[in-house]
Amino acid sequence: MNQMGIAFELLGVGMITVFVILALVVILGNGIIMFVNKFIGEEPKVQAVDSSSPVVTINPQKLAAIVSAVSNVTKGAGRVTNVEKQ
Amino acid sequence: MGILENLYKMTAIQDIIGNPGYLLMLAIGAFLLYLGIRKQYEPLLLVPIAFGVILANLPGGNMGVVPSNLIELGEGHTKNLLEIAHDHGIMNFLYYSLIKTGFLPPIIFMGIGALTDFGPMLRNLKLAFFGAAAQLGIFTVLISAILLGFTAKEAASLGIIGGADGPTAIYTTIKLAPHLLGPIAIAAYSYMALVPVIIPLVVRLTCTNKELLINMKEMDKKYPSKVKIKNLRAVKIAFPIVLGIVVSIFVPSSVPLLGMLLFGNLIKEIGINVARLTEAATGSILNTATIFLGLTVGATMTAEVFLDFKTIMIIVGGFLAFAISIFGGVMAVKIANLFNKKKINPLIGATGLSAVPMASRVANDIALKYDSSNHILQYCMSSNISGVIGSAVAAGVLISFLQ
Amino acid sequence: MGILENLYKMTAIQDIIGNPGYLLMLAIGAFLLYLGIRKQYEPLLLVPIAFGVILANLPGGNMGVVPSNLIELGEGHTKNLLEIAHDHGIMNFLYYSLIKTGFLPPIIFMGIGALTDFGPMLRNLKLAFFGAAAQLGIFTVLISAILLGFTAKEAASLGIIGGADGPTAIYTTIKLAPHLLGPIAIAAYSYMALVPVIIPLVVRLTCTNKELLINMKEMDKKYPSKVKIKNLRAVKIAFPIVLGIVVSIFVPSSVPLLGMLLFGNLIKEIGINVARLTEAATGSILNTATIFLGLTVGATMTAEVFLDFKTIMIIVGGFLAFAISIFGGVMAVKIANLFNKKKINPLIGATGLSAVPMASRVANDIALKYDSSNHILQYCMSSNISGVIGSAVAAGVLISFLQ
Amino acid sequence: MNQMGIAFELLGVGMITVFVILALVVILGNGIIMFVNKFIGEEPKVQAVDSSSPVVTINPQKLAAIVSAVSNVTKGAGRVTNVEKQ
Amino acid sequence: MNQMGIAFELLGVGMITVFVILALVVILGNGIIMFVNKFIGEEPKVQAVDSSSPVVTINPQKLAAIVSAVSNVTKGAGRVTNVEKQ
Amino acid sequence: MGILENLYKMTAIQDIIGNPGYLLMLAIGAFLLYLGIRKQYEPLLLVPIAFGVILANLPGGNMGVVPSNLIELGEGHTKNLLEIAHDHGIMNFLYYSLIKTGFLPPIIFMGIGALTDFGPMLRNLKLAFFGAAAQLGIFTVLISAILLGFTAKEAASLGIIGGADGPTAIYTTIKLAPHLLGPIAIAAYSYMALVPVIIPLVVRLTCTNKELLINMKEMDKKYPSKVKIKNLRAVKIAFPIVLGIVVSIFVPSSVPLLGMLLFGNLIKEIGINVARLTEAATGSILNTATIFLGLTVGATMTAEVFLDFKTIMIIVGGFLAFAISIFGGVMAVKIANLFNKKKINPLIGATGLSAVPMASRVANDIALKYDSSNHILQYCMSSNISGVIGSAVAAGVLISFLQ
């Protein structure tokens, strides 16, 4: 097959595949949701410690204070590095 | 005097006079640094890439990636890594071990997967479908590029820029046209950084005010969806496993990318029991991979390779691929709206492009400009995330047919 | 129509119909995920292993580890890493560079060493001796396996499961019978996760109530030991150095494992001056190694290799090795109790198995069930930790004699 | 030697070696303790900062507060990742 | 050339090069400073969050308290590892 | 009896009796551990090096680095990494992949760059010039070493110890005389740790009280410099880029070291936008590189290689190189003081050595002893940091002329 033939076939195969797969995403996603709803049910309320959803709020200045404390205690040699971007 | 002559010979002055292309490349490197540092265009990738360009174009520094014919020994054999390091220096050692092997893009996908939350997509699953239409730019630019004289493999690597996904573009190019890796990576990341310019441009040309005013939350109230998710955690754990298996059966060549993306996502969703792994995948592994990917991809752009007419075509073609992909997503929404009472804001088609999460933020801003109560971010994220899957699948198709 | 035919050829549907073993393997992978995620069996290893199994058995994904005869070129030569990545994909690139070289298990041992506190062992040194008897399962199962038709190398790899130590089992199997790596690693980690079931089972069959009621603290009061540690820090720093040198002189082939374990422990004990190194050893290095170890070990379990009668024998033999090792430890305590007035609780023999620290916790729970004041955790930790040394030494002997 | 011979020899050599080595662990351990007791003596009381043995106790809610503060200050983009399992 | 010739040439070439380069460091450094002074100008006062220069100071004991809190909440399994030396 | 004979053969007792050099090396390893742990001499490097020495000299442990002629296959070909791991074990796998390729020193330089603040140097730029004079020891010791029978390459590797910079010394030695890597690395790091002894010694022999009393702050008040830095951040970002390009044109062979140093520094100065990269460069990458550099460099010191007359010459020559470098820096200040009214404290010449930041602290302490108000730390840091650049440039010259 010549190059253009391949190119048009790729347009066809590629777009069909992408549509099929994302249709499957929708179908499988709904299937999983329904399966889980039916056979596994509600998430237990009392969860394991989930560090990504803290419940208490606090004055942001305290964070600066913490960073500062670290800096003081370690005489400038330490710093809080792990307030990392996610 | 002998000493001064030897001293002069040691310098790279003669080389630079002999090939002013080096200076041009250094200027390009400096310009990319400017974009990354001052303009803040995807700095995590553009800064290392730019520095790699500079290192590669310091003549005598032995830091430019050499063409693979210098590595091949014939009959399917190649120099081994010690020989590459000895003959061509550490940058080629890194490039041939980490990039040419196809290793880093799946590793970066693992990290991206562990940073991605499929929640918004699962809550608005139907919108995920629009991530498919927004791959249109890939295949149309592929056709145009062949018309303009690119080989099929080169054209596919150019087209995949329209997937708006850096690691996917890099992976595809490694597999199909590694000699174009530098400009394609630069184009992919630059246009991803330019999404706040490109999306409004295409949207303005294709959408009416009335369409942009479609309020998703009101539509949801009018036509509520029937499915409620009772146990999001269980769904989020099952989803990457099931999706991975099913997609892989249909497009096996997408496994290295999608498999690792979904593995990363799975360990994220499992949570505390494997938190050590998630931390590594999103932290030291991802960051280290980013540094070395950037430097080595930059180092492929030596004066000899980059200063070529194809580079300009890639820059133009990459832009078109982006624009056509956005156009495809918008059109798919318009067509869907013809057949459904529950209308969808075409901006949600535009974000099918991917470029997560910037595309969604840009789309949300446009929507708010038309109606300050129309928050569509969560809806956009659905097609936005599915666009990542869409382009990885498209890459799988291209690799499978052309490799 | 041509397009649809090509589309079908691209999928893996034909392969799966042709070899339903793939589906069985995917089901096994899903089951292992279930064990790791829901049952929380050693999830740090089982989840990556399970995902590796799934990736390896997606036909066309090119993610399964190929047999080493495809890598060998004859006359002691092999394909180099670039050729492996090119011919067999990134999973083989990872497997052959990180696992087949024997690299990751010693690296993981470095991390484990840096997480291990020899303090409890040093405070109850005599109990460390029972870590020797609990290696009995290794050698008895070796004999049985040879009787059942395994080669000596395969039988040794099977027996070492009875060492109840993941990296040791993997290292030994890499050296002696790499084609069995998958099932042996699975068996080792699964039975380590099942220690809360296996130890009570063996203890119930071998110990009397009276023995399980032996109260270690009362014994210590009655027959106090003479040695007091005045400077624990100095002892803890000297211990890994001296132990490393002396053990290595006796069992040189255990150096890669034990040497790295003790190096990790040394930097932990030195403390703040080398805290950067300890942090790397227990953090990014250990976590990264765990991810890649898990994925690649899982990826060795392709349908062709795993679905074999030997796999079932390994699962049965591994269980026996665990049980006999526990039995050996218990018996050693009983024999010691015949000759000494200061009696020892046989649970402390059972923990000689290793599987730190879960075995100790399980043993402590059993002791508390019989006498709620009989806290034996600290005593158990002594034989528990020495069991790690014991199985590394046993591995050294096996490798030295059979390789 | 046939396979079974090797197997039984390994049982002998292996168990002897393991017993010898763990006996050495006991002997060397005691030797080191006695050597250190005699020649190095007591550990100095005032130690360098030892982050693994904090002395002050505090309400665990404060930790949640810290996590929350980090979250607030960084507008959701940051999180405390390094309260790691050891 | 004999070995000693090479050695003396290296002394010459080496020291000249090092002096030239460090002279360039001085010249380029001054050039950059003057260029920036002229064409870029003053740094904007209100900066992005700079975690390395906290402004609030706090009692160092609070750091111990934080470490302790982490330890309490995680029942000894967690510790603050990232007050790292820079 | 057969079993006991086989058991004895398995041990390394026979080897140690046959070559008591092993015991001597183990003692040297223990002594280095003592220096690192108790004396706190550069523990981050000396502890892993010392442990590497011990591992390498446990006969039968297969952890010593083998000479490169065992790796070479002739005609520019070498064993590949799988073959090295198989034939010579994991330590050679690490050494030949990470060290012999020249990979780790530039990686460590990237981390050092990301930890270095050029601010003090930019504020006292003229003092940076004295980092040049303090390279004198490199070239004078080179000449002496050739006189004593070293080859030019060996002599250059010995001389570079006088650059007082660990990664530079290691990189140069890898390129020119890898068989001397162990003793040269040990000498470099040990003398860096001994800077608090060596600098006062040389200063006392060369400087008068009056010179040491020169008060830099008063001089600054009397003769204020004209340049004020209005925008330090912009200067700090531009500096590594411009410096990297210009230096590389003059000394291309210094690019791998200086280029990576300046890349590390650049990402540090860009700040929050690429903080992920800086964190990786200074954290997991640097720490991991340090562990493996230390262990493998230590493992080059097998009894056969280390117990050689050249080792003693390296220890003596290294000390001389340090002392002469300090002398050079001091003399350069004295000469400058002859021609300028604005006098400079000669301690600022002494710190041109590098060994950042310890040399500056030592010099500051000396100054304060003579005049408790004469804080010169910030001034010292200028020549101190420029000394790193100076020795990297000197290394580039040596590699360029001799490789």
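Think of it as A, B, C, D, E and F in the order they're written, each chain with its own count starting at 1.
Here, contacts are C-beta pairs under 8 Å (C-beta built on N, C-alpha and C of every residue); 3 or more make two chains touch, one makes a residue touch a chain.
This one's a predicted model, so the numbers in the text were calculated from it and none came from an experiment.
Student: Look at the interfaces A-C and E-F and say which one is made up of more C-beta pairs in contact.
Tutor: Answer by contact count: E-F.
Student: Compared with chain E, which chain's mean CA position is the farthest off?
Tutor: Here the answer is chain C, farthest from chain E.
Student: How big is the rotation relating chain A to chain E when the fit is done on Cα atoms? Please round to the nearest 5 degrees.
Tutor: The best-fit rotation has an angle of 120 degrees.
Student: Greatest Cα-centroid separation from chain F: which chain?
Tutor: Farthest by centroid: A.
Student: Express in whole angstrom the distance between the two chain centres, defined as the mean CA positions of chain A and chain B.
Tutor: Computed from C-alpha means, the inter-chain centre distance equals 18 Å.
Student: Taking each chain's centre as its mean C-alpha position, how far apart are chain A and chain F in Å?
Tutor: Each chain's C-alpha centroid was found; their separation is 43 Å.
Student: On a C-alpha centroid basis, what's the spacing between chain B and chain E, in Å?
Tutor: 32
Student: So the centre of each chain is just the mean of its C-alpha atoms; given that, what is the distance between chain B and chain F in Å?
Tutor: Using C-alpha averages as centres, the distance is 40 Å.
Student: At which residue positions does chain A touch at least two other chains?
Tutor: 9, 13, 17, 49, 51, 64, 66, 73-74, 81-86 - these are the residues of chain A that touch more than one other chain.
Student: Of all residues in chain C, which are in touch with two or more distinct other chains?
Tutor: 6, 10, 80-81, 250-251, 276, 279, 283-284, 397, 401
Student: With touch defined as at the start, can you tell me which chain B residues reach chain F in the complex?
Tutor: 6, 10-13, 16, 26, 30, 33, 37, 40, 43-44, 47-48, 51, 54-55, 58-63, 80-83, 85-87, 89-90, 93-94, 283-284, 286-288, 290-291, 295
Student: Residues of chain E touching chain B in their complex?
Tutor: 9, 12-13, 16-17
Student: Flag every residue of chain B that touches chain E in the complex, lowest number first.
Tutor: 2-3, 6-7, 10
Student: In their complex, what parts of chain C are in touch with chain D?
Tutor: Touching chain D: residues 115, 121-122, 125-126, 128-129, 131-133, 135-136, 138-140, 142-143, 146-147, 151-152, 155-156, 227-235, 238-239, 242-243, 246-247, 250-251, 271-272, 282-283, 386, 389-390, 393-394, 397-398, 401-402 of chain C.
Student: Going by the contact rule set out above, which residues of chain F touch chain B in the complex?
Tutor: Touch residues, chain F against chain B: 71, 76-81, 96-97, 100-103, 106, 237, 241, 244-245, 248-253, 255-256, 259, 263, 266-267, 270, 273-274, 276-277, 279-281, 283-285, 397, 400-401.
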